[in-house]
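Note that the chains take the letters A, B, C and D in the order they are written out, and that residue 1 is the start of every chain.
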Amino acid sequence: MAKVKMTGRILSQEKIATEIYSMWIEAAEIVKEAKPGQFISVYCRDNSRILPRPISICEIDREKGALRIVYRVAGKGTDEFSRMKAGEDLDVMGPLGNGFPMEVVKGKKVFLMGGGIGVPPMVQTAKEADADVTVIAGYRNSEIFLKEELSENSSLVVATEDGSVGTKGNVMDAIRENALEAEVIFACGPTPMLRAIKNYAEENSILCYISMEEKMACGIGACLACVCKSKEKDSHSHVHNKRICKDGPVFLSTEVEL
Amino acid sequence: MNMKVNLAGVELKNPVMTASGTFGSGAEYSEFVDLNKLGAVVTKGVAHVPWSGNDTPRIAEIHSGMMNAIGLQNPGIDVFCERDIPYLQQFDTKVIVNVCGHAPEEYLAVVERLAEEPIDMMEINISCPNVNANFLAFGQDPRHVEELTAQIKKIAKQPVIMKLTPNVTDIAEIARAAEAGGADGVSLINTLTGMKIDVKRRTFALANKTGGVSGPCVKPIAVRMVYQVAQAVKIPIIGMGGIQNAEDALEFIMAGATAVSVGTANFTNPYATVEIIEGLERYMKENGVEDIRELIGIVK
Amino acid sequence: MNMKVNLAGVELKNPVMTASGTFGSGAEYSEFVDLNKLGAVVTKGVAHVPWSGNDTPRIAEIHSGMMNAIGLQNPGIDVFCERDIPYLQQFDTKVIVNVCGHAPEEYLAVVERLAEEPIDMMEINISCPNVNANFLAFGQDPRHVEELTAQIKKIAKQPVIMKLTPNVTDIAEIARAAEAGGADGVSLINTLTGMKIDVKRRTFALANKTGGVSGPCVKPIAVRMVYQVAQAVKIPIIGMGGIQNAEDALEFIMAGATAVSVGTANFTNPYATVEIIEGLERYMKENGVEDIRELIGIVK
Amino acid sequence: MAKVKMTGRILSQEKIATEIYSMWIEAAEIVKEAKPGQFISVYCRDNSRILPRPISICEIDREKGALRIVYRVAGKGTDEFSRMKAGEDLDVMGPLGNGFPMEVVKGKKVFLMGGGIGVPPMVQTAKEADADVTVIAGYRNSEIFLKEELSENSSLVVATEDGSVGTKGNVMDAIRENALEAEVIFACGPTPMLRAIKNYAEENSILCYISMEEKMACGIGACLACVCKSKEKDSHSHVHNKRICKDGPVFLSTEVEL
C-alpha cells in the first residue's frame, strides 16, 4: 500500500446541508489504493495553518480516479475548504489508515452505523460490502444528507435528534425501535455514540469495529499525536497506546478504551 | 560541488537530517522519501524503559506552527535496539539516537546500552523535566548541563550532541556549559513552552496544559539562538526550528549551523527533507558555491 | 453587563489597551478608532532625552508575525509631557506612559518628571539593555528587577507596572521579583529576541542584526507565561502578545490577565482594538457572562 | 484628510510586462481623498503575512471611485496579489502619505522622473500637473509599460538599460542625451537613481522632490519603522528621522539623506 501526497483537482463542491459540504476530488494515485473507512489528509492553502485535516473517504469513483469527501465546517481549515471551487487544485495525502475489514462481513448481516459527520464513510462501505447491509444513520434534524447514496446500497434506517425523520433519538434508539439485529457492526461517529455501540455489541456478543478520531499531525504513525488507549500493549511503542492514524482509525471495539 | 559536512567527526553526505520525534525511526516516512538520501536520521527520544506519554489531545495547531505534548512515548531502549537500529542499518545514512530521561541514571542507562550498538552518534534531549531539580529541565541550568554532559561523555562510545532547550535566559551560557562538559556538538532548538486555551470549552487545548511550540513560528528565535551559540562555542551546531525549505535551511547554515534538522515541516510536506536537499543543491549551483561548508557561519 | 476592571487601583472602562510602541501616543490611530472607547492608551516608550533609534531596515515580516528593532526612538520626556500628555487628556480613556532607560538613573529621571503629570499609570520597559550589567536586559535578572522596581516605587506618584521580557528561563521568578520590589502590576510579554537572515544578500534582514518578535506567532508563549505568572503573584497582570481578536483576548483573560494590550494587530487592522472590545461584549452576551471579571483566571 | 481601511473590489487584473501587473480597485472612500504620489497599503489574504504592502497610486478614476496600482512581483505578498482575479475582494488602506506638492509645479517646466517600478506614480502626477510636463522614464528593457498613459499627458522620454528603446542607460543619461532642462523635478525609483537626481538637482539649483521607500508596518506614522535620515530635527521625535509613510514618501531632496 503506497501512500502519496499529491495535488488533486476539485471536480465539484456542493453544500448538501447546513454547514455540510460535499467535494469530489480527482486524485488517481490515491484512489488506486483506497478502501472504505480510510481517510485522507487535506492541506490548507493558508500558510498559517500548517497541519493537514484528516477527512474520511466518503465515496470512490475508481473509473474517474476520483474520491468524495463530505465534511462539516468545524473551524478555520474546513471553512477554507468550503470556499474552494471546482477546477481548483487541492493538496491531499492518502490513502491513510486501515479502513473497515471488508472480509469479515462477507455474507453476514451487518449494521453500518454512522452519527452526524460519521455517516459519510458508510457510503463507500455500503457500496463495497458483500453482505446484507443495514445502514443506521443518525442526524440532528431533517437534513438527512447522503440519503440517496445510502439507500442505493443498503436498507437505510434513520434516527434524528429532533424526531423529524425516522426514529426520534440516536442510532441506538433506532435499533431498539425497529428491533434490528446484526452479526457485525461497523460504526463511526461521536464518542458517546461509539461508547453506546461498543457496550451494546459486547453485551450481545456482536463483532464490532469502530472508527475513532483524535487530533493528528503526521497522519502516518510517526509522531504519536493521535493515540487511544488500548487493552493490549501496542506493537509500536509497547505501551497501551494505539495510533489512530496508522493502527486505526478502525479498531475492534474490544481492543480499545473509549 | 561538495555537500558533505563533518559533524563531530562523522561525515554526513549532506547537512540535512530529521528532527527527533517528528520522523519516528524513519519507517513511516520511508514510504515518501528515500532514507538513503538523508544526511542522517535522528530517531524519536528513547528512554531506559517504555514511556506511555501524555493523555490526548497531545497536539494543537497554532499560527504558523503547532504545540505538542506527546510526553516522550517510546518503547524503551531494548525494543529500540532490537527493532529500530537494525531497520535503520539497512540504509546508507547516519543514525543519530535521541536519548531522554528524568534523572542522570536514566540517561546513563540508555547511553551505556547504546555503547556497542552500530549507531553514529547520540543526541541527548536535556529538555526533559529533571526530577532531581524540582522539575525544571536539565537544560535550563548550566551546572546540570555541564555535569550531565561530563557523566555521559565518560561512558559514551559515540560522539555526544547535547540538545538545548530555548526556554532559557542565555542560550550561549548553556552551550558553553555543554562544551565545558565535553560535548562533541550541540543541537538547537528544542520546542518553546506554550499554552493554548480553548475559550469555548474554557479549558486547555492540550491535556497536559502546556506543550512545546514548533514550526515556522519559532524560526526567528531559533536562528538567533544558533547565531548566538555559534559566536560562543567551537563545537559544531545542528540547527533546527521551523525549517520548511532550502532557504530556511540556509538561514541556519549561514548563522553557523553545520547541519540542520527538519521537524514539523514533515507534517506539512512528507517530502520536505529531500526537497530541501535538492533546494540546497540548486542554490549552490545558481550561486557558484563549490562547497557547502563555505556557507557555514558566513553571516556575521 | 460589566466590562470594567480594576487595574492596580485604576478603573478601566474595559480591559482593552494598546501595546506600547505600536500606537504612538494615539494621534495617528485616532483617524481609525475613537480613543474614548479604549480601556487605556499605553504610549510609546519615552526616555529622559530624545533617542534616535536604530538604522533601517527596522522591521521584517516573519511567519505570522514581525520583528522590530526600532531602537526606542522617542522625543524625550520633555516634548512628551508638553505635547503627548495634553493630547491624550482630551479623551475619556486612561493614560499609561511606557518608560525606558539604559541605567536606573535614566528611568528615575523620567519617573520623577512624570510625578506631577496627569497620567494614570506607568509601565516600565525593563527589556532595555542594561549598560551597567553587560548589556543584558534589566528584566533578565531578578535582582535587578527587584532593585529597579523598589527604586522607582520610592519616587513614583502613580501605580507602577513592570513590563517583563519573555527572554528568560523562569518568568515566574522575575514576576515575583517585581512584586517583591513593590510593583503594582506586571505586563507581559515584551518581544522575543529573533533574527532573520536574507540568504540572497547574505546579510541580516535588520540593520540591528536581531529584533523583537511579536504578533500571532508568539501568542502561545505569551499565554503560557501569563498563566505561569498568574499562579506566582497576587498583583494584576496585563497580558499581551499576538492578540488579534476577542477570542485571543479571552485566552489571556482566562489565563489570568486583568487587562490586555493589542500591539502588532493594529498594523494588520487599524480597527483591531475597538473590534476586540465589541467582540468581548458579544461573547459575554452570548455566554451569559454578567461581569468580565468572572473570567479572569477562570482556566486553572 | 481621512484615511480608511476598507474592502475594495478588484475591477481588473492584467499582466503588463514580465513580473509587472496592473490592477484597478474600486475603493471609493479612498479615491475621494487620493492625490498623486500617495500610496495605499494592500493586505494579504494569507494569514501568515500580517503586514500590508505599500503600493503607490498609479492612476485615479474619480468617477468610478477606482484606483490603479502597478506592481512588480517582488516576493510572496505581491505574488499573492498577482493571482487575484477581477470580481474578488481586496483589503486596502489609504490614502497614505503626503503625495507630490502639485501646487509648486503650476505653470512650470517639470520633469517627472521614474525608474522601474517608480514609474507608475508618474501617471496620475502627469495627469494632474498643471505644468509643462516631461516624463523621463527608465526601464530595464523594451518592456516599457505605461507608455500610452504617460504619453497622453506629457512628452515622454525613455531610457532603457539595454538600449532597446530611447537612451541607453538611465534617466540621468536621458537628460544629458536630450539636453533637457526643468525648473522642478519629481522623482521616484531606486535609491541610486534618487541619489543621482538629488545631486544633479542640487548642483543645478533645481527644486527637487523625491519619493522614498522603506519597510513599513503601520503605514500611518505610529510605529517608527520607516524612517529616513533628515537634515533638520523632525517635529515628531525631535531627532533627525522623518517617517516616510507619514512625513513622506515625498521629500524635498535637500531635506533628507540618501
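Basically, contacts are C-beta pairs under 8 Å (C-beta built on N, C-alpha and C of every residue); 3 or more make two chains touch, one makes a residue touch a chain.
It should be emphasised that the depicted structure is a prediction, and the values quoted were computed from it without experimental measurement.
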* **Shared chain contacts [subunit A and subunit D, defined touch]** => B, C
* Weigh A-B against A-C on C-beta contact pairs and write down the one with more. => A-B
* Using mean CA coordinates as chain centres, what's the subunit C-subunit D distance in Å? -> 35
* Structure fact -> dist(centroid_CA(subunit A), centroid_CA(subunit C)) in Å evaluates to 47
* Structure fact -> Chain-centre distance (mean CA atoms) for subunit B and subunit C, in whole Å, is 34
* Structure fact -> Multi-chain touching residues of subunit A, meaning two or more other chains, are 47-49
* Asked: On subunit B, where are the residues touching two or more other chains?
  -> 63-65, 216
* If each chain is a dot and touching chains are joined, what shape do you get: line, ring, star, complete or other? -> complete
* **Residue ranges of subunit A touching subunit B (in the complex, touch as defined)** => 2-5, 43, 47-52, 93, 214-228, 236-241, 246
* Could you pull out which subunit A residues touch subunit D in their complex? => 45-49
* **subunit B-facing residues of subunit C, complex** => 62-65, 67, 136, 140, 167-170, 192-197, 199, 202-204, 210-211, 213, 216-221, 223-224, 227, 242, 247, 250-251, 254-255, 283, 298-299
* Asked: How about subunit D: which of its residues touch subunit B in the complex?
  -> 47-48
* Structure fact -> subunit B residues touching subunit D in their complex are 63-64, 216
